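This structure is in structure tokens; I'll ask about it shortly.
As written, the chain order gives the labels A, B, C and D, with residue 1 at the start of each chain.
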Amino acid sequence: MMKKKFRLTDPGIFVWVLLVAIVIFSAVANPVFLRPRNLKNVFLIQPVGLGLASLGQAVIIISGGIDMSIGAAVSLLTSVAGGLYRDFPGVSVLTVFLIISAMGTVIGLLNGLLVVKLKIAPFMATLATMSVIQGGIFIYTKKTIGGIPKSFRFIAEGSVGPVPFCFLYLAVIFALVLILMNRSRYGRHLYAVGANEWVASITGIAVDRVKLSAYLIGGLLTGLASVFLAGRMGGGGPLVGKGYELDTITAVVIGGVSLAGGDGNIAGAIGGVLILSIFSNLMNLLDVNPYIQMLLKGLILITAVFFYAAKTAKAKGQEA
Amino acid sequence: MAARKKLNVWFTMLERLKRGAVSPGLYAALLALIVAALVMQAVTGVSFFTMSNMLNVARNFSMLGFVALGQTLVIMSGGLDLSVVAVISTGNILAASLINGNDALVFPVLLFTIVVGAAIGTVNGLLVTKRGVPPFIATLGVSIVVNGLRLIATGGIPKGNVPELLKEMGTGSFLGLPWMVIIFVIVAIFFYILLAKSSYGRRLRVTGSNPEVAVLSGINKDRVIITAYLICGALGAGAGVFLAGYTGIADNWAGNEFDINSIAAAVLGGAAIGGGSGSVQGTVIGSIILLLITNLAILAHLPIQSQMMVKGLVIILALGFFGRGKK
Amino acid sequence: MKKGLSLILITLLMLSLGAAVFAGGQQDAAGKDEFVIGWSNAGMGDSWRQFLKANFEAEVAANPEIVKYYISDANERPEKQIADIDDLLAKGVDGLIIYPTVGDAIIPAVERAYESGIPVIVFGGSINTDSLTCLVTQDLYEFGRSQAKWLAEELGGKGKIIMLSGIAGNTTAEERLAGAREVFDANPGIEVLDHQYCDWSAAKTKTIVEAMLNAFPEIDGIWADSGLMSWPALQAFEEAGRKLVPSTGDQLNGYAKYVSEKNVPAYLYPMSTRLSAEAVKVLVAAMKGETVDKKVAASFEGMGPEAIKKFVKPELSDWWWVGDDQMPAEFLPRL
Amino acid sequence: MMNNENILLEFMNIDKQFPGVKALDDVSMSFRFGEVHALVGENGAGKSTLMKILSGVYQPSGGEIVYKGEKLKLQNPHHAQMQGISIIFQEFSLINTLDVVENVFLNREPKTSFGLFDKKKAAGMTKKLLETIGIDIDITAKIKNLSVIEQQTVEIIKALSIDADIIIMDEPSAALSDKELSKLFDIIMKLKADGKTVIYISHMLEEVFSIADRVTVLKDGRVMATEEVCDLDKDKLVSLMVGREISDIYPPRSANVGDVVLEAGDLASGKLKNVNLTLKKGEILGVAGIAGSGRTALVETLLGIERKMSGTVSLSGREVDFKNIRQAIDSGFCYIPSDRKNQGIIAPESIVVNTTITNLDNYVVRGLINRKAEEEVTKNQIELLGTKVASIDQRIEDLSGGNQQKVLLSRALLMEPEIYIINEPTRGIDVGAKHEIYKIMRDLTSRGKSIIMVSSELPEIIGMSDRILVMNQGEAAGILDQSVKTYTEEEILSLAVGHEYRLPAGGCDDEEEV
């Protein structure tokens, strides 16, 4: 951790180089970027939802899996948050928070069991869960449920002094995940399982349990992201999370976490989220045609991965 | 001696079924579905086993089948192609805008479109082999870029008309059989031969299951893999053109959901994510199962929520309990 | 080889970014009677949105006070739209119009914009808040109701129909459906054989309708909330050798062409792209300090077979929007 | 002779059966407190299998282990570790993406008062352990960025960090330099002084005599003898190891060696320094050398798998330059790699597929495979080599090692090459199958084919080779022509390790009797 050869194309470093580059570019390209209000939006508020969900995705990817059900889960959980306030108007913020987090964890458990117990490839397993959850949402509601009160929206809109509360929310959770992944014994085990299951198992690591726990943590983080998003959107609906899974994977991969598992720093996921958030802001500031935005986004993704793919992916062949 | 030989024959047959391209579980699943349909027909009187329904299912199945076949090759090579949505939609738009109602242009444009699809596939393949970009990300990135380019080119408004000849190909029949089905059967037979009988199929299978042995056996691994992506792109683009014929409408998003459905069909059919196994028969059965589910759901008036849950559960059941393509 | 590829990629990226800057070139900030406005759009993925934009631009051009406008694209994602609204506010617009992705999922951002002191016009969708200057809307329940009423009348209050909706969970689709259901529930003579979501996809619609044709020997009418579904549905009827039946849809030219060519009764209820122009009008008024109504309910006429024949543009793209092309030619989407 | 209270661990009648091979047969032996116990034997004698049983990787098919006076049933490696039995595997068991400290303490991480991974403490402990063996490596480096020797050091540190009673070292010297080896010996002596038992697996006899107190010889899965090292001399040990007249297992050499077919001059690549060699028609050229000496690099450079940096390769006088193995194959080479599992067999595929993959084109008519021809050929091959299979559609992974190797040989034979390059032809194969494979090789040479055989089994090298090329640190240390005389293991080893290989005279003088 102390002395490392500084290599620009090292995934863990490249993401920050890319981030600095895009920040400098944005600052030069449009002075509005540097307005405090814009900076606050871009750095402290906009990355929170995707940030939390991407942390979960990163944990799962590091453990050697992938989660395609995040989008559906976000839709379900935000809908339920809205539904709780609709059906039980006086419900306390804490209760909603706990219910949503718990539900997220249960979804994670479901994914984990399919992967660990039924040994379905994670991509297919979580795809199946996605389908089931999406069906479940339509049983619950077909309409967007708004009307989440200000008290709950504090999570997304409130401030503590000059600092947005949601930033603190992300920061605290990020710190915890960072400690868990980089400083705890469990974190080492997770990396070991993702990198080489056999070696992990002969060291006595309970591989299945670790994998299952990764999905649990991923689910919990999706739940925590949904809490924020419910506050930010003031409600939820059957389609609001659509595409979130691909966004999180994009962020995580740009952040230098290897899709092969076992490699990459969880902090990179946040770097990746910031890049996406600044990119989106930059495009708005420069008023770029949406189709060109799309083209650029694809190019950024390919470019970022292009640079370090050879290092990260070849270790495990070219597995999906 | 003779008895022993006979025993050997039996053993070989048993071995072949067990080790065969298609898992017995898949046949069981298909059978179960058909029995369910029969029961449904007997109890509620829906017209499942009617000629026209069967032909409709078959025609829809052809469209998914084209894409799923390409996807099968890519999955067998150890990859995954998420760019099929973009490729299909692009094929669809190209068909209408270039042909613009002119029957004479149908085949040249079909050919051109397939070449474009193949080119996109080649880009996928190059990223995956030459640079080691994980297929998931390579094809995702390429698909975003292709979508962007298509929308820039069309300005969001598809132009041109689908010509009668193409409509006839998409919707018409020959001797009672839809053209699409005839074309698909020809393509499927070609791919069956390619996968099961040709040296390319053998090499693809070997490359997917053990790239190192492939290289040491003198197989040009990169070329084999790139070819798989190329074929997938070509088939996707072709499917896009036929889709235009089927609907008579050029649609910027004609390919929606084909990525997930084609992957599901191939994986249900025994293609293992990670490479090595997979077959045309399996993928065909996988596609049939997916379409039968949709068809049955509509015939039974199942609401959307049940349709989605059934689809998810079928994947879980098929892969979790009958699947051979476990990791 | 690798180096070359990397170089090409970087150059491509840099060029595109450069082009982006160039394309988005800066303009001076607005003076007193000059306004900079922002439009937070939901998405740009289809031709309807192009017409929406064309109508917007035509109206902006008709109001010289507007010296500059920005459009953001939320890619159909509410969370992105919330960020977009914040970005537009950060850029310092004098007025904002919003086409909501999911109305009720962007309420906080709308309120935030309104509370920042600028006029905020939401148009095109519904939203459940009072913290806005004006809601320029088309009643989507009425959309479905009107279609259903016509169909019921056309069938003489008696018949078996199928219902085809857009994307499940999509506000527009669900409100149109609810409106239509109201009418059919009130008409005991109308039997709804089945309802399915077809995702505004021609291919999916055709597949579903083909199955329905097999399940139901008698179908007398099609209620579809969009021409993009009634059109392929009718094609399925035709191919199955069944009699073409009355259907409903929106003002998609391809659908209009088909029904007028086949001479089959149809009813187009416009989901008008002129709403964006309405929104700009209201916004300009509000920015000038005029009082505006909290709600402007734009109403549009449904088009029966006669009107369709009048408005249809057989020579133009299937993706043209019938009746929405009444703007100066230079603003019409290029073809 | 043995004192019971001195015994720490005892194997009692251990059997281990693999499909098609009996790897261990009634193995009984014991280990004392504080001894260095060498385990020797040819490859495939069962050393590794026995140690995998002791470390919980395998379960014995029969017999039992008595440890500290109690019966012990080891469930898995972790369980073994918890019992104080630590093993350093030959194939390293490290996590590539983690750093040194994290690997050493994987699943035994020291905790801070908050229950977190106390990396500082772990780093300190790792440093200290490294100091005790006097080797310096960057403990913050990820494993994937370390050299093989450094990785092995990490393995040793890892074993040391477990306060184990028994430390098993499976061929630890294979990748170490002399200097590092003497350090390793120092460590072993320290461990011994602390009362630890070290099980030292090696086929380097010199090492056995310099470090071990006792030695057990395994052969074909059986214990040949357990002896005090002092009671042994080298001849006796070798005869215990080989235990069979060479002529029994190795068929006689053919007499008709012809002209030079392959010649390499000053061949150099990443790991290879200016190697010259010739190969004659009908000849077996053995390539010997310790692990890491460039044996595999040599053949892979010849074949174009590894890029040649300089030098020439000519076939029957015509210079060639292979850019990949396909070109080599087309020029009449074939290659059977040593890592059968990863580089040889296509595990889930049938015997037919495995047999014909390399010369698939021969069964292809207009792009299609002639399945019948291919099956015919496969059947012929099976008959020819006496491969034991249930059916040609059987998966190759279900065959025993020897039969898998025969299939790979069939694959090579079908290419009808002039030059066979076989890396470790009999690794992990039981003795009966070995003999058959040797016969096939001899048969090939008598038909005028040439073979380059890389092997780490000296008896095999001696018994099979017409000439022996000995590699040492990427260079050809010498070529021994066996038509003149049959060389001894010592002579070969002397060349392989680069100095005179002599048995220590009084190996036991400075050692206490246990």
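Here is the rule we use: a residue touches a chain if its C-beta (ideal position, glycine included) is under 8 Å from a C-beta of that chain, and two chains touch if they have at least 3 such contacts.
What you see is a predicted model; the values in this text were computed from it and never measured.
Undergrad: Compare the CA centroid of subunit A with every other chain's and tell me the farthest one.
TA: Checked the centroid distances; the maximum from subunit A is D.
Undergrad: Could you quickly compare A-C and B-C and let me know which has more C-beta contacts?
TA: Higher C-beta contact count between the two pairs: A-C.
Undergrad: For subunit A and subunit B, let me know how many angstrom lie between their CA-based centres, rounded off.
TA: One centre to the other, that is 31 Å.
Undergrad: Quick one: subunit C and subunit D, Cα centre-to-centre, how many Å?
TA: 71
Undergrad: Can you list the subunit A residues in contact with two or more other chains?
TA: Residues 137-138, 289-293, 295-296, 299, 302, 306 of subunit A each touch two or more of the other chains.
Undergrad: Mind pulling the residue numbers of subunit B that touch at least two other chains?
TA: Those would be 131, 151, 156, 304.
Undergrad: Do you know which subunit D residues sit against two or more other chains?
TA: Residues of subunit D never touch two or more of the other chains.
Undergrad: Can you work out from the touch definition every pair of chains that touches here?
TA: A-B, A-C, A-D, B-C, B-D
Undergrad: Would you pull the subunit B residues touching subunit D in the complex into a rising list?
TA: Answer in residue numbers: 8, 11-12, 15-16, 19, 193, 197-200, 202-203, 205-206, 209-210, 212-213, 215-220, 276-277.
Undergrad: So in the complex, which bits of subunit A are touching subunit D?
TA: Residues in contact with subunit D: 1-4, 179, 183-185, 187-189, 191-192, 194-196, 198-205, 262-263, 315.
Undergrad: What part of subunit B is in contact with subunit C in the complex they form?
TA: Against subunit C, subunit B makes touches at 46-47, 50, 52-53, 56, 60, 63, 130-131, 151, 155-161, 171, 243, 246-254, 256-257, 294-295, 298-299, 301, 304.
Undergrad: Please give the residue numbers of subunit D that touch subunit A in the complex, ascending.
TA: 57, 76-79, 81-82, 93-99, 102, 106-107, 109, 111, 115-117, 119, 138, 140, 144
Undergrad: Inside the complex, what are the residues of subunit C that reach subunit A?
TA: My answer: residues 5-6, 9-10, 12-13, 16-17, 19-21, 23-24, 26, 43-44, 70-73, 75-80, 82-84, 86-92, 102-108, 112, 128, 167-171, 174.
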